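Consider the two complexes below, in which subunit A is the common component and subunit B and subunit C are the respective partners.
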Partner chain A sequence: MMRHAFKLFHVWVWGSTFLLLAATGTVIGFLLVRGWAGIGQELVFGETPVLAALMLQRPVFDGLFPAMVGTLALVMLSVGMALPVGLATGIYLAEYATGRLSSLLSLFFDILAGMPSIVVGLFGFSITIFLHHRFSGKIYPCLFISALSLAVLVLPYLIRTTQAALEAIPVDLRLIGPSLGATRFQNIFHVLVPHSLKSILSGILLAIGRCAEDTAVIMLTGVVVSAGIPKSIWGNFEALPFYIYYVSAQYTDAGELTRGYGAAIILLLLCAFLFGISFWLQHRLSQRMFERV
Partner chain B sequence: MTRSEFLAKHGFMAAAIISAAVTLAIFIFMALLGYPILTSGRLFAALLGAWQPTLQSYGILPMITGTFILAILAVAAAFPVCLGCAALVSDAAPGLVGRFLHAVVRMMTGIPTVVYGFVGIFVLVPLMREVFGRGSGFSLLTAALMLALLVSPTMILLFCDSFRRVTHSYRQAAAALGATTAQQFLYVVLPQARNGILAGVLLGLGRALGDTMIALMLAGNAVAFPDHLFDSARTLTAHIALIIAADFDSPEFRTLFLCGLTLYVLTTLLVLGVRLTMRLPGRRP
Partner chain C sequence: MKMNEAPAAKVELRNVRFDYGSAPILNGVTADFPAHCITAVVGPSGQGKTTLLMTLNRLWQEERPTVGRLAGTVRIHLNGGMVDIYQDRYDLTWLRRRVGMVFQSPNPLPMSIYKNVAFPLKLAGENRDHRMEERVQAALRQAFLWDEVKDRLDKDARELSGGQQQRLCIARSLILRPELLLLDEPTSSLDRRACEVIESLLAHLKESCTMVMVSHYLEQVRRIADRVMVMENGRLLPQAAL
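Entry: the complex of A and B
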């Protein structure tokens, strides 16, 4: 009897794995099968000539180009805002903070990392209301507020990857700088950070992916369905994930639905690309560490 | 300490303080904007009442219930599958197959949430409508199944980690006594990894509670206490996304910040819970 029960173990583990892969395969396969035919120049640029659209001379009306530019602008702004603070905080946690302070700060960043993105969006929205009432009636939800909120969302990722990268540096390497008379900051700046640049980079790629895919935050802070190419950081903007949501909720014709599938495939490929490179970097790194030992 | 040393140290410290302050600022901003409700003496009515705008009753209890039911359903559905999958990666098929699966699961964490929702609307919703023949297909069950897929990678990776941390010599000792892979896993690895499994479940719960898009797109969003699995339900997260368009200073609008605060508190409790499980004494054989 017991022996049969243990045979079931293998049925269970292989069955679960198969189920998981089948479900994921269905999600990806369905998108590719339905949407692949729609992938092409027209999906992105509509009827507008490509060169004119790229030079921003002619607006694109029935293509994904504005949403793609919006997502790109959003990612660059928010990672640009989060990066200096995230790196510095990671360095502080790994190299300076000790004892109580360190564990208190970690608690804060754990909470921030677990914060639902809609709450971060609501935070951005609250800031907008606050600024609107206090400073200028001209402040509305806009690209800047979205980017700021997304920066808050990805901040803990950057902090954690930086901290982990620095803490993984072996002691002998860590001591070379000081033994040659380098100060703490010189050691960080010339030895420790350059050495862990690759794992920091992989964290940055994950943060970019997170910024590109998040929908809940931008929904509350200024994304719209049609705004064209963002003209300033104080205006509304389009973004791929929101477009996907919009299409699924209220598409009106087959063309829009095709663009929805296209947007989903583009976003999926973008995230797969970013995550892929990031993991490849980490993998190479861990392999190199094995070789060192 | 030279001047540049001093500047560097305090610069890094300032960044850390800013980052920590952001965590607090989220709470403070929502508390300030939700202040009228918090002090109106109707906090309990707003937290535990029903949502009946015609009766001037704006309680968020239906959304809290919806959030919990959905998250628990999703994690309960994902748990056996994730445990099995993690067991395969760490014990039943270590080596090339396991490494490959581990990589696949890591890549799965990168699938955008909105893509899950999108495919859910065009595949799972019609399927549920056809198979069960009840309602519109937008239901608790539909959202819970998709959400289970979303939280799976998080749970599997944590389970794998905790299985891998089980001391190798314990496995070898069991193997030396003639235990099969299944026996090793069930009698040695599983009890040893108990804390890690608990942490994985809590983190999965956190992801499920905090997700917006799947609940918003698939759960139907009706404001009522769901009676059964095929009922439509609304979560706190979806409620925030749906109400945000309403005008400022309306009573509906104020409840947003109460929802936000509730989610904030839940997140904090879960994070503390995870930390606590990490500190629990491990079981010694």
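Entry: the complex of A and C
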């Protein structure tokens, strides 16, 4: 009986993994089949010469280049805003907060993590209206407000992964620093955080992915179909996920839909590029934090 | 300054009680650990031997700061005088630099051999390279490791064998020139050959510091300990008939 149960469990575990891999492969394969034909210089730069577009000498009207730059700026800005706060709060929860306060804050961030992105978008939109009426009539939905809203959206992931990563450190390791005369600060920054950077990175990757793909938040806070390359953080911007949504909702011919699939492939590649940078930074940073006492 | 110039410590425990929450761990421990000796603490698992060690450098306050509660007096001879280590005026970092600790499993940090040994010195604010090199070399020699690693100090410490890693951890503690060294089953994860090297190393270290060692191996205790105490039901019995 137990042998059959174990076999069944084995099949279930392997089957689930295979199913997941197959699903991922199918999605990527489907995108490649449908979108590969659309991939090319024209999809990105339209009819604008590549060099002129890259040097920002001539605007790109019918290509994805502005949306790529907009997405990149949005991700970097929002993760840049969320990361310091998320890491600090995660460290606070894991290393300083105790008892009821810790449980209460953890519950609060879990609730925040479950909040639908459209609600966060609405929050960003309300903030914009408030700022517009109270402070300056020049404040409109813009890249900054979108990034701020996305930062709020991904903060709980960063906080909870940092907290979980630090709390998972075994006691033996946790005690090395103090046993060698490290202060609490030294132990956190030269032993504990470098040790948990790999796990913290998973939260950062999740945040990057979420910022790159989320459409609901940016729809309400500053993204438009055609804005060109953002001139400042106070202006409108284009973004790949919104382009994909727009094209798939309103395409008029097969060619346009193929461009939408092409945009999805580019979005995946952009995410892969950002993930690559994060891995590289994590490796460099953990060594430096260990060694720079 | 040579290591053996450091003053040796002597420990006095007077009616030390320690509770984790409502569970009593130490139940009125009274004992003296003489200077320049290895005092071995033996006894079954779960009797509070590691906790006893952690009361001597207040490390339990890092592990379970909110639930641990200590009563009684712990005095250690440090810097030329007896010090009640639970008086607030003594800085924890200062105390832990004077009272070193080596754990059950070797725990080198993911950095080079040199940087591992220099780590505590850097934490203490030493930035002069030549001074650091001298101290690292001295500590590695003291831990019987210098000859084995002198040509590969920049290699990752985790590439060393288990016994070498443990000696590295001992060197890392010794670089701060502790007056008291706490050893929590330092050879439990090592093979026989590595154990012998460490035993011989500990016998040599008696000249420079006092040691309190928790061990499960009675043979080992017989070989190197000057004094043996048995921990039973949270009490430390002064002498064991081994």
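Here is the rule we use: the second predicted complex is superposed on the first by the 232 of 293 C-alpha atoms of A that agree within 3 Å, B and C clash if a C-alpha of one lies under 4 Å from a C-alpha of the other, contacts with A are read in each partner's own complex, and residues count from 1 in each chain.
Heads up, the rule we're going with is that a contact is a pair of C-beta atoms (placed from the backbone, for glycine too) under 8 Å apart; a residue touches a chain by one contact, two chains touch by 3 or more.
Only a predicted model underlies this, so the values are computations on that prediction, with no experimental measurement involved.
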{"item": "Partner chain in contact with A:Phe279 - subunit B first, subunit C second, else both or neither", "value": "first"}
{"item": "First, second, both or neither for A:Gln41, with subunit B first and subunit C second", "value": "neither"}
{"item": "First, second, both or neither for A:Ala23, with subunit B first and subunit C second", "value": "first"}
{"item": "First, second, both or neither for A:Ala182, with subunit B first and subunit C second", "value": "second"}
{"item": "Which of subunit B and subunit C A:Thr252 touches, first, second, both or neither", "value": "neither"}
{"item": "Partner chain(s) touched by A:Leu267 [first = subunit B, second = subunit C, both, neither]", "value": "first"}
{"item": "Which superposed partner A:Ile118 touches (first subunit B, second subunit C, both, neither)", "value": "first"}
{"item": "Comparison of subunit B and subunit C by subunit A residues contacted", "value": "B"}
{"item": "First, second, both or neither for A:His190, with subunit B first and subunit C second", "value": "second"}
{"item": "Partner chain in contact with A:Thr98 - subunit B first, subunit C second, else both or neither", "value": "second"}
{"item": "Residues of subunit A that lie at the interface with subunit B and also at the interface with subunit C", "value": "183"}
{"item": "In the complex, subunit A residues that touch subunit C", "value": "98-99, 171-183, 186, 190-191, 194-195, 286-287, 290-291, 293"}
{"item": "Touching residues (chain side subunit C, partner subunit A) in the complex", "value": "57, 59, 62-63, 66, 92-94, 96-97, 100-101, 103-105, 107, 109-111, 115, 119-120, 122-124, 172-173, 176"}
{"item": "Of all residues in subunit A, those that touch subunit B in their complex", "value": "6-7, 9-10, 12-17, 19-21, 23-24, 26-28, 30-31, 34, 84-89, 91-93, 95-97, 104-105, 107-112, 114-123, 125-127, 129-130, 152, 155-156, 159, 183-185, 188, 209, 212-216, 219-220, 241, 244-245, 247-249, 260, 264, 267-268, 271-272, 274-276, 279"}
{"item": "Sites on subunit B touched by subunit A in the complex", "value": "2, 4-5, 8-9, 11-16, 18-20, 22-26, 29-30, 32-33, 80-85, 87-88, 92-93, 101, 103-119, 121-123, 149, 152, 156, 180-183, 185-186, 203, 206, 209-213, 217, 237, 240-241, 244, 248, 256-257, 260, 263-264, 267-268, 270-271, 274-275"}
